[in-house]
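What follows is a pair of complexes built around chain A, which joins chain B in one and chain C in the other.
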Partner chain A sequence: MPRLRNLHMTLRYQDDLRLFRSRYARAAVLALLVGGVLFPLSFKSEFWLSVLDYAGIAAIGAIGLNLLTGYTGQVSLGHAFFIGVGAYCAVFFGGHHHVNLLIWLGAAAVIGGLIGGLVGPFALRLRGSYLAIVSLGLVFLGLHVFRNWTQLTGGPGGTSVAPPLKLGPLDFTKLQIGNQVYSRNQSFFLLIWAIVGLTALVSKNIVRSRPGRAMQAIRDRDVAAEVVGVRLARYKIGAFVVSSALAAVAGALFGAYQQFVQPDNWSLFVSIQYIAIIIVGGIGSIYGSVLGALFVGAVPQLVDRYSKSIPFVAKTAVGSSGFHLSVFQLNQIIFGALIVLFLVLEPRGLAAVWQRLKTYLRAWPFSY
Partner chain B sequence: MDGVSDLLEFREVSLRFGGVQALSHVSFIVANDELLAVIGPNGAGKTSIFNCLNGVYRPQQGSIRLEGTELIGRRPAAIAALGVARTFQNLALFTNLDVVDNLMLGRHHLMRTGFVSGALWWGRAKSEEVSHRRRCEEIIDLLELQPYRHARVGTLPYGIKKRIELARALCMDPKLLLLDEPVAGMNLEETEDTARYILEVRERLGISVILVEHDMRMVMDIADRVVVLDFGLVIATGAPAEVQSDPAVIAAYLGTPAEAVAGTGEHPAAAGGGAKAAAAASWWADR
Partner chain C sequence: MTNFLQLCFAGLALGALYALVALGFVVIYKSTGVINFAQGGLVILGAYLTYNAHHTWGLPFYLAVPVAMAICALVGAATERVVLRRMVGQPPFAVIMVTIGLLFILEQAVTSIWGFNQLDLGDPWGIKKVTVGGLNLAQKDLWTIVLAAAALAAFFVFFRYSRMGVAMRATAFDQEAAVAQGISARRVFAVSWAIAAAVATIAGVMLAAGGGGLHSDLDIIALLAFPAIILGGLDSPGGAIVGGIIIGITQNLTAGYQGTGANHYLGFLGGGFSSVMPYVVMIVILMVRPYGLFGTREVRRI
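What follows is the complex of A and B.
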């Protein structure tokens, strides 16, 4: 038997279930982990680090939305609301009560999940665009609450977010490993991307085991799913709970990283941005969500940075004058265009592009 | 047949949609290991029987008992757990999943992994995947689906999809299997293959089967008993040979002589215009 192990051959069902099936894949994952820790050290550009930090936060939220929309087929425009809930959990538990990093992150997940569980039952009665409309209402309800609950949110003007960022000996405002001190952006890079990795692993485990299969069955054919024994209520609500818990974690990290949040951070535009991420990255793909977040997360930052050299774009970040677009407007146009282009040209997103590239390279130099 | 050995008792079931009486006082029984065929012209209520049986529709009257347990009022998922499996007339597979995942969904009600243990991929989550996969592989072998294991179901041809749907139903380890037109749209060879699979399944797994089918040749060949429906009413029940010579059945398919003379197109077999029903009618005409 040992000689067979070098072959690409599945001998036991256990092997068929492995996440990374070939040695190369496992080596690549290890390299990615080591690289991930070393990378921010050698990388000094604060601008690009902040782009990657925001992209990592978006990746966590996008994995959550993909579990709900991509895997369970429940289209939600309410994701921004749950992200906001998470951010205010960081304000309340971290900022006001100074609890430990794990506790305010955990509290955000639990409260986000609970509220998601309350919204979930709507999905039992509504489907498709009707559910999208109801979840859209959630965003506006949320905006109203966030603008008026001034003790917590600081009203329309916003509030600062300063939760503790220490975890035992690790201080994520200036991480120290050995005698090497990381900057704030570098430390956050490690914190955020460690959570991205954990989220991706947990989500992948969900989708490849019994609950995830049930979710996908509901997406593909709900009547048949029920007839084979899948309880729709359990898995639809479950998907809402997991999805909004992840959104809340993303929101809490967003607040902690940005140190200041205001209700307009959780507008409909943010929900659409997340829809764009999972469409660009790949509906029903975990790593697609991460790819999409990197791609879509980088766009507004780049537009912002290079707005001076783009024609017809105003030099100021907000407000347009005459013929000029604001940076915000340009971003909206770009997201709209991205969604349309990907839906028409590559509905399975960057994940499919990557898959094709892999197949091509494996067969290279032959076409098939 | 006495009540004890019966697997399913369908008694006086009536189902209405507004003013349409889909089923009226339908009664029949299915014995253990029996293959019961339900036939009738288009719109006679055959598929409605299935939908009542697995809880998709809720009949207004009557009782459906599986081994003495009342099924009316239960959710489809609960009925699946009691041992009723089904295939659909127009394929209801999970098209974006591969064959193994489709079959593993058949095992869903026998597995226990929830969100938390699934997310951790620890202990039971992992061992359950392996042990239930083993059963799926047995069904894959039985129905000769080996080449398609990891193919996305949506990409496979129609005949294979039909077989995958049968496999998914069998993976549920059912006591009662409902087959809704398993050979619809198949050529002669595929039909014979399917009939062979159905007989083999019965023999090897000892499952009772209710078969809804328009292919009369197949029905008469493999059914133990036949129930004939017309406009939601049972018009005949009996062995295939008895049913074939029943004047009421012949009238349902071909119309009564008076109707035939009047050339009425009112009857579902004619008005429905379905090729299958027409083929069934011509089969009766050839008798």
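What follows is the complex of A and C.
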């Protein structure tokens, strides 16, 4: 067989299992990595850095949700709860006990995973829509606990989060490389996106190997998967564990970055936001989750920034009469419309748009 | 004992309200298989439309409600036609998310038209009370129960005897077979959304009536009605009523007996536990019966 090197065809089983589909993909990822390190060092806009920091945090949680919902097919509206758990782990281990950065992040992952493991068995008993609504209950129960456990969470008023951010010689509040000292946002950018990279690598490895195939089999038809020997309990609960561990890591980073959290940070809206991210990015796609996080994170900020040039939008608080649209309302509407439009017009999200664009460019000037 | 009965009655009224919201969910779920998260949006839309018909157009209250129901039903049917019909055959998860997106749009559309201020619906009941055997019964609560009962009875009659109702049941049972018999599945879908929206209007009006007033947070009721429908079983209208009443009474009793003062038996659960009590009841019952009390078991085949 002639070697069809740069044609992205899946000719053998091994092709499907590879981490990178081609040498170009590998080169692109390497370029992204180098760019990712150099970019914040030269980029000074605190505003956009903070947008990127929040997007990175969301990307970690979204990858977790995509493993559970996109790859295993278990719809969860309870993601916000696990993100909250992670943030309070940062408060407890980092803020109260001042342990090392790696330890409080790890503790958040372990505790998030454990609680996910407790919730997982519900998914064995319930299916589809019933599971979605029970996980909705989880958010409300979680909010109730967070509001009432005042020693840890500070009650509805919230609590400050000040975990140590030093890792050996690296201080992520003001990173110093050589003689250059970087701002808090720049330092956090490196920390957060390093974890995004690590999460993406681990998740990609999960989904391209045996557990990932089992998860996808469960998603496509769980009874059939069970018949061919996939252990449902193991992989469903496993997916919950990994997903909630990642959510907790995202929550811990969110708390550390924002320095202050309150129970309302973990409302149902956050869960919906994460689902929107994976829908917009692409369900069942790791890099789609990252794309979605960037997109959903950046749009409200853009609207906020350029609201003056959008007609019908009032910058001030809303009055009682006449048609009146505040920036907040516009953002909510755009958010709702994004979900509806993507699901109706492009159910596979930005990842599919990107794929089509690539195919188009590769075959240019021929249509296919 | 009076206190207990009083709480039970208020719980029953709350349960009737839940049942009304839940009925809207069930109608849509049964005929189209969609869990409609936008139901809460229809609830507030209906209530604000009633306000608009009553205050802005100057219609008498008892005429304003049916007018609002009709407009809301049109909006519901239009939503089905424009958005949901494109989602036929998509995975349930995607359909749920579309309705969540619709909820966001409806919610903000309502607040941008009518504003955030609390409005007075101008209902004839106000905070008037009736005293029966030592019990203080709010007129509005009595009306809620009566209206809920009437709406449910009308729905059952319609579902059982009318041509459209039979068509809807057939479609719910087996869509393809129904279409093969000449039933228009499209019309069935549109009608079920219209019915759900009309019922949502009644729920919205009863919610905003009395001392409550009309404000944009009222759609939270739809989230609290979820435990009720899940409890009863997603596809059982009878279950929606039973579930609604169980949840309503449990919630009110929790609130009543948790309170401060002499009888704070449940104080250790934390303030405001009554608002999460429905979810606790729901999870416990689902663990025993995964398809609710009256839901149809899903047949699992490869």
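Note that in this section the second predicted complex is superposed on the first by the 322 of 368 C-alpha atoms of A that agree within 3 Å, B and C clash if a C-alpha of one lies under 4 Å from a C-alpha of the other, contacts with A are read in each partner's own complex, and residues count from 1 in each chain.
The rule we apply is simple: a contact is a pair of C-beta atoms (placed from the backbone, for glycine too) under 8 Å apart; a residue touches a chain by one contact, two chains touch by 3 or more.
Values in this document were obtained by computation on a predicted structure and should not be read as measured data.
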Q.
Is A:153 touching anything from chain B or chain C once the two structures are fitted on A? First, second, both or neither.
A. neither
Q: Examine A:273 and indicate which partner it touches, taking first as chain B and second as chain C; both and neither are also allowed.
A: neither
Q | Touched partner set for A:325, first chain B, second chain C, both or neither | A | second
(Q) Under the stated touch criterion, which partner chain does A:227 make contact with: chain B (first), chain C (second), both, or neither? (A) both
Q | Which superposed partner A:265 touches (first chain B, second chain C, both, neither) | A | neither
(Q) Which partner chains sit in contact with A:337 here, chain B, chain C, both or neither? Use first/second/both/neither. (A) second
(Q) For the three-chain arrangement built by superposition, which of chain B and chain C touches the greater number of chain A residues? (A) C
Q.
Which partner chains sit in contact with A:206 here, chain B, chain C, both or neither? Use first/second/both/neither.
A. first
Q) Which parts of chain A are in contact with chain B and also with chain C? A) 221, 223-224, 227
Q: Name, in rising order, each residue of chain A that touches chain B in their complex.
A: 13-14, 16-17, 202-203, 205-206, 208-214, 216-217, 219-221, 223-232, 238, 241-242, 284
Q | chain A residues within the chain C interface of the complex | A | 69, 73, 75, 122, 125-130, 132-134, 136-137, 140-141, 143-145, 147-148, 221, 223-224, 227, 268, 272, 275-276, 279, 318-321, 323-326, 329-330, 332-333, 335-340, 343-344, 347
**Q.** Touching residues on chain C, where the partner in the complex is chain A
**A.** 35, 83, 86-87, 90, 92-94, 96-98, 100-105, 107-109, 111-113, 115-117, 223, 226-227, 230, 234, 270-273, 275-276, 279-280, 282-283, 286-287, 290-292, 298, 300-302
Q) Which bits of chain B are touching chain A when the two form their complex? A) 54, 56, 75-77, 80-81, 85-86, 88, 92-97, 101, 104-106, 108-109, 111-115, 117-121, 125-126, 128-130, 133-134, 137, 168, 172
